[in-house]
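The same chain A turns up in both complexes below, where it pairs with chain B and then with chain C.
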Partner chain A sequence: MKLYNGGKIITGLVIFLGIFLAPLAYNVGKAAYTQPKLKMPENEKECIESKDFMRTKHMQLLNDWRDFALRDGTRFYVNSKGKQFEMSLQKTCMKCHTNKAEFCDKCHLDASVTPYCWDCHIQPEGLKK
Partner chain B sequence: MNHTRRNFLKFAGLTAAGLCVASAGGALAVSGAGSTIKDGEKALKAKRWGMVIDSKKLGTKEAIDVLAKACHSVHNVPNIPGKQNVKWIWADSYEHGFDQPNNYMEESVEKRQFALLCNHCTNAPCVRVCPTQATYKRPDGIVAMDYHRCIGCRYCMAGCPFGARSFNFMEPRLHLDLATLNKEFPTRMRGVVEKCNFCVERLAMGKQPACAEASNGAVVFGDLSDPASEVRKLLREHYTIRRRPALGTEPGVYYII
Partner chain C sequence: MKAIYSLILVLALVVLATLGAGAAKMQIIFAYCVPGTAFVIFLVGFTAKIIGWAKSPVPFRIPTTGGQQQSLDWIAQNKWDNPSTGPQTAMRMLLEVLTFRSLFRNTKVILRHDDGKNPIVAYVSAKWLWLFALLFHYSFLVIALRHMRLFLQPVPQFIVAVEFVDSVLQIYTPIVYQTDLLILAGAGFLLARRLYDAKLRYISLVNDYFPLLLILAIALSGMYMRYIAKVDVMAIKDVVMGLTTFKFKTPPATIDVSFYVHVFLVSTLLAYFPFSKLMHFGGVFLSPTRNLPNDTRMHHHENPWNNPAIKPHSYEAYEDDFREPMFEAGLPLEKNPEEAA
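Our next item is the complex of A and B:
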């Protein structure tokens, strides 16, 4: 069997593999990714739902809350333990999580997601020009 | 077992159905297991919210500006000089606000200023034209907006015959005093339309609208469908008009003349 244009093909493959594997080579020896340390509220130990639920589902929860509060006009949420909360990002969530930069942004930056909440909602730190 | 095509198809069909049911169950369980939602105990409710404004008591620009300031500070409404200003409640003359100005009007009415705002019409044209349902009619008569959905097409502004809607031509935060913002209410962003919301967020907490509260009784807010309510009492006892009734939008804001 003869490989036509073998030189070009093999050079091409080597360049391709080089580029393809460059990120792996670049990260060799670096520490593995760890979840960022969040600044948790000092006065409150329990969030409205379990930590696991909040970590994976807070975006759906906020989506639901927005529709319940605005569309249906029903503004209170009773969690599985029977505790009642007003469905409000600014008046409920951010009353405990008093620092957006130390809480929201930590994971969102790492995960490279840019939610547009704060285009309108006011972060607890306040706004600066 | 007999490996026939029929058996294979039966098995494949059952598996697919099972997967569908399992994933649908997962999608339904979003808002926390065992959680429920409910209204606040103090929330004010009505079948049809409405407003009566006594223009005899509230007839100067200065007096109406007090209400506008109360409203705009509660809702973080910016003050932008020029034509691109955003307003939820404002003052204007009879000629600009109402139909058929009489050539020889009574002087006090001619010179009077009227507090104008969104009328929360029963047949609201803005609700009908909104392509994303960002503007919608609540069952209690309030025409509300969901700014998350607004795409800034401004059909509603073309549809509204009362000029009650303002467009954010620029980032409103550039014209807000950031130190004195109401941190319990959001601002808006560039590219959305906004208007008076009859203070839905205050009604849900059992409070009267900000303008009614600041008006010393010149603005009365209540349930138009309840014959015993204070607004109905005022409507019974005084001569009132609405803005541009011939259009048939059925405004919910009445003016005592």
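Our next item is the complex of A and C:
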């Protein structure tokens, strides 16, 4: 088997394989990944909607709340069970989810998501981490 | 018709994954076995293809590329279009790979008429192909990099930065990535030009339409997952990390079937890659008109398939072999038989 310009081509192939195997190499020797454990509120068992809904659609809900509260002046949200909540990140959400670092950031860091909530809302001093 | 076949093929793949991972509950196969196998086929197939190409003899330099070749000192050489040294050639290759200069030279033929209504054939610049090809390829690159957030833990700062820039407009929730729209524009244009231009339609085959439609389907299924189905990203990261660390676990039931469709389409692309035109990814580096410097007047080129046992045979030697019969036939000779004797 004769390769023409074998040295250069093999070098190129090594670079190619290196790039595509880099993600595997990066994770070598690390413990199996598990989804982060969130610190759940102690005094409240149920969120405003079901767990599945909150897991996947909380950003949509927060976005809607912002539009309703700030643009339409609607301040109250009625959930799927007919219960009423004030549309407020700080008064409603953060009443129970008091710690951003122990709750929001856990998944957001792993999923590399940077929501822009805190561009406008002041992140409570005591909860900063 | 070929476009329709390709579309049916892609739709069949979507249906297969929907039924397989959804109705037939074969999540483990679709989450681990299929992508793992496809990735191995991709790496091995790609390498084998390149090695196969490396075995082909390198042709004589092709010096007729655009630009002035190296000549007399007072004639300016176009070093990046007609290089004569290694570094200049590397520069030409780099510009080709990063900026698609060959596509920038794309022209189209038009027929115009002068004042006397005489037809004039003209070649005019056509930059659309170059522009949309750039959009498409760079969007693809950024999207692939962005996906590393699901493959790496902790997520490197570089990937976070790519993610930030790509979603910098902060439109809609979840935030729209610009590259999602750009890849649709890019691939959409590449498909539309094949369908719209009669000359291109005539030369387009199933293996031209299929990868385009497949990539469009991948982009659309990914966008569906993010913007419409709003899949459980953390559960998906759990599965993907299981795949990259070889620590497999049963995929969580909360994962939407669109994830399996997306993964199946990407797996198809990976497995199909080494056997298709997509190999231009590796092949561009082996293009003779791009990677060979124009140094034919500086280096002797030994034809690689020459048999060393066959020695050069000059005309004089040829005449020595056949002088008598040639003389009898009345052919002109360098030396007559009397002179040679």
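The criterion applied here is as follows: the second predicted complex is superposed on the first by the 114 of 129 C-alpha atoms of A that agree within 3 Å, B and C clash if a C-alpha of one lies under 4 Å from a C-alpha of the other, contacts with A are read in each partner's own complex, and residues count from 1 in each chain.
Everything that follows uses one rule, which is that a contact is a pair of C-beta atoms (placed from the backbone, for glycine too) under 8 Å apart; a residue touches a chain by one contact, two chains touch by 3 or more.
Values in this document were obtained by computation on a predicted structure and should not be read as measured data.
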- Fit or clash for chain B plus chain C once both are placed on chain A? fit
- Message: Per the contact definition in the header, classify A:Gln60: touching chain B only (first), chain C only (second), both, or neither.
- Response: both
- Item | Partner chain in contact with A:Leu24 - chain B first, chain C second, else both or neither | second
- In the superposed arrangement, does A:Cys107 touch chain B (first), chain C (second), both or neither? second
- Looking at the overlay, what does A:Arg75 touch: chain B (first), chain C (second), both, or neither? first
- Message: A:Glu86 in the overlay: touching chain B, chain C, both, or neither? Say first, second, both or neither.
- Response: first
- Task: Pick one for A:Gly12: touches chain B only (first), chain C only (second), both, or neither.
- Result: second
- Three-chain overlay, vertex chain A: chain B-chain C angle, C-alpha, nearest 10 degrees: 110
- Query: Of the two partner chains, chain B (first) and chain C (second), which one does A:Asp52 touch, if any: first, second, both, or neither?
  - Reply: second
- Item | First, second, both or neither for A:Met40, with chain B first and chain C second | neither
- Query: In whole Å, how close do chain B and chain C get at the C-alpha level once superposed?
  - Reply: 5
- Considering each complex separately, which residues of chain A are in contact with chain B in the first and with chain C in the second? 57, 60
- Complex contact set, residues of chain A against chain C: 1-6, 9, 12-13, 16-17, 20-21, 23-24, 26-28, 30, 32-36, 52, 55-57, 59-60, 62-63, 107, 109-114, 116
- Taking the complex as given, what residues does chain A use to touch chain B? 48-49, 53, 57, 60-61, 64, 66, 68, 70-80, 84, 86-88, 90-91, 119-122, 124, 126-129
- Could you please specify the touching residues of chain C with respect to chain A in the complex? 42-43, 46-47, 50-51, 54-58, 148-155, 159-160, 163-164, 170, 173-174, 230-235, 237-238, 241-242, 244-245, 247, 249, 254, 282, 285-286, 304
- Item | Contact footprint of chain A on chain B as seen in their complex | 30-40, 43, 76, 136, 138-140, 144, 146-148, 173, 178-179, 181, 183-189, 200, 204
